[in-house]
């Protein structure tokens, strides 16, 4: 019988001793904000792939690469090492397709983190507000009260948008499921309309995460992409206005 | 692998011998009636938290408190002790997100009740009627025929609103699943439109439950909230009338 | 942990040796035809209840009786004995709420049948045609080719309404899952619009089943109910015509 | 308890040693393309049935044959042998009804293939483009980079229609799940509108598969059916045009 979840590490990784490892989760979600940030960092930093995760809780499909090569939907682990610290990135194609699967996968990620002696986890996501955002703030949540001050100092806003609000999926569950394992976890959410893949929100989250982790990441290309996106949206809004004027003139 | 359901008790609670314990369930549901009553009693009585329940059958999310502190969706157990009796309250964020999960969770609650030697369970809920209710009655159901007389004496109405009708979710399943364990169980349902969080229906249920359990609960604040709500609804109805008059005048 | 399915027999039933037992399944379904027939036979024959089945695959609710007494959703087994044969009836509140649950429950019923040495199973249902049917035929299906002749002789029509058509739920799965256990099984489906609880279709099925099993059942009350229903429908059709005439007159 | 998946082989098949076996999967899917091709080959080649697969992950129903004989929804294995090679065909009524079931079934098929020492798997399907296709191409995907050249030489196009696109269900998952077992797997997808059962797309796939496997299959009857379908569609399009002309004339 197929395993519910299977994790395969690079052999060289298994023998490695990680230095005060930090885990950064950026799976698909609102505005693809978390995914954009984590994948951008992996590319900019040249992080190396060290593990692959498959699960029957992912949607039942394969992904094709540009050469028609098929592979199962998967999540991946990447490693970036500095002199003092190791940074793990958890990225991938999908989150769980079922409610129970979300719990089972997130718990598995936290178990992996515990085995790898991860000290802190950053989960990245978007915070959908339903309208365009000019200067997206980064909202925060944490699984220990003591973390707030440090995170706020990096420019993150701790405010509940709605009473009783929550965080759905991996970015939230990892906070809850890592707490009893003694792992600090912080969720960073870039404000986003929620309607588009949002590099502007991603740039805001990247700036904060860069400060918090002390990893210098050249944000130029992400900022460029955000600037382009901004122009596209502006021109769409302009076009919209133009039409309205014409219409009111005609009317 | 993560447990389907995990229950953690306060250490001091585990050593405790309960006196003729009564369990009061008030999980989210129609009009949030059960939740309002149970949480109001917990606050008024100063009941202390003694246990916490997590499950993969809850929706996959964390809840944020006002400080941005995240915690898993959960159910909680509170204890209120009088000289003669111990009262347990089962409250929480959510019921199960799946059909099978409802059975598995409700059975687990009944198993806990049996272990704690609970003699009787009150499950609280709303009975949705689809229109505003002026003086909400409290409808009842029980898992033993012998209970009816006592419950009716407290002002509860035993009447099947529709032939073949039932009670969906924890408030119902706990009645069915506690019966073979020899635990008496009564469901108290406040009449409610079903469209709003309904403190009026909650006040009706509280009055009855207070009589049945012999716990004196100061209902002032719940009654105040009900009175406020009543005014809001009245003014909305008035406004509605007002508009209609204006419209017919204009017309 | 709660059992996925639990079956409890009357003690006296467990010691009993059944004579060439026949199982008749009449669970809820299209037009409630199977349920009407089986429950009518149980009442008319005074069959005694011998077993009760609960499952987490049923919808998560309790059913209230006229006294507000709550019980879990369930299926039941009834027994009617003649000199030569024992007849078991499988009836109940619900079928499975999930796709896998349908298989697991139907397989369990077939396993029970095998343990009780059941020789033949009749599954009862409706065949929805989407329009009113004046003289509902009884359509048949079987799990062994040799059964067809006998069933046709009782007035049942073997015809595939649509190529590749099938029978969904217990009435169908029991045919498929009893075959490898060497149990003969026949499905009898009364033609019905599918929009209403249909005593006319039920009367047709009852007549056929009575012939096939050799159980004489006084069909008067079911026929009366069918006749009443027929009148109600006729008057509704008449009313409909009346309105149309008026409208065309006005127009 | 019923098995999640059960596989029964013909006795004579179990003792058989297969020669360099190739597995061809043609389960229901977009335009029924894969199903049409595989079932056509089975009929034309006179392949013999050697196995049957049942599962609780199939939809909960039985299928009726023309004589009213009911059988469970199933998948089937057929065998066609040449001097040098054995060809297995996997066909059936349904794919999984649930997301997890898709993984569990596809993994089971790959496990069977490994046990039978299958060297290569062809999965067949349709590629829905949302509009009528005159000369349907055959698109390809593979689970090993080295396969592409050979497959392209047979006329298959390797092109990603959309970035990040994938293949859902058995035809895709089998590629992903056979790779770690060292089995080569290729998916052949006939371009199709996706709205109709499409013999034209099937004929294209058959031609390619025939070349790749070296099995000569007389495609006459499938081509005839495709030609008929083409005429039907043309006349429908004509009719459509006719009406438009009339309408614009009237207008």
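As written, the chain order gives the labels A, B, C and D, with residue 1 at the start of each chain.
Going forward, a residue touches a chain if its C-beta (ideal position, glycine included) is under 8 Å from a C-beta of that chain, and two chains touch if they have at least 3 such contacts.
The structure presented is a predicted model; accordingly, all values stated were derived computationally and were not measured.
**Q** Which neighbours do subunit A and subunit C have in common?
**A** Both-contact set = B, D.
**Q** Through what angle, to the nearest 5 degrees, does subunit B rotate to match subunit C on its C-alpha atoms?
**A** Superposing subunit B on subunit C takes a rotation of 90 degrees, nearest 5.
**Q** Please state whether the interface between subunit A and subunit D is built from the same residues or different ones, using more than half shared residue numbers as the mark of same.
**A** The interface of subunit A with subunit D is built from mostly unshared positions.
**Q** Can you give the whole-Å distance between the Cα centres of subunit A and subunit B?
**A** 38
**Q** Can you compute the centre-to-centre distance for subunit B and subunit D, using the mean CA position of each chain? Integer Å is fine.
**A** Distance between chain centres: 53 Å.
**Q** Where in subunit C do residues touch at least two different other chains?
**A** In subunit C, no residue touches at least two other chains, as defined above.
**Q** Name the shape of the chain contact graph, picking from line, ring, star, complete and other.
**A** Shape of the chain contacts: a ring, since each chain touches exactly two and the loop closes.
**Q** Could you list each pair of chains that touch, in label order?
**A** Those chain pairs which touch are A-B, A-D, B-C, C-D.
**Q** Give the list of subunit D residues in touch with subunit A in this complex.
**A** 4, 96, 99-100, 102-104, 106-108, 139-145, 148, 158-160, 164-169, 172-173, 175-177, 179, 187
**Q** For the complex, give me every residue of subunit C touching subunit B.
**A** 1-2, 56-57, 59-73, 97-98, 101
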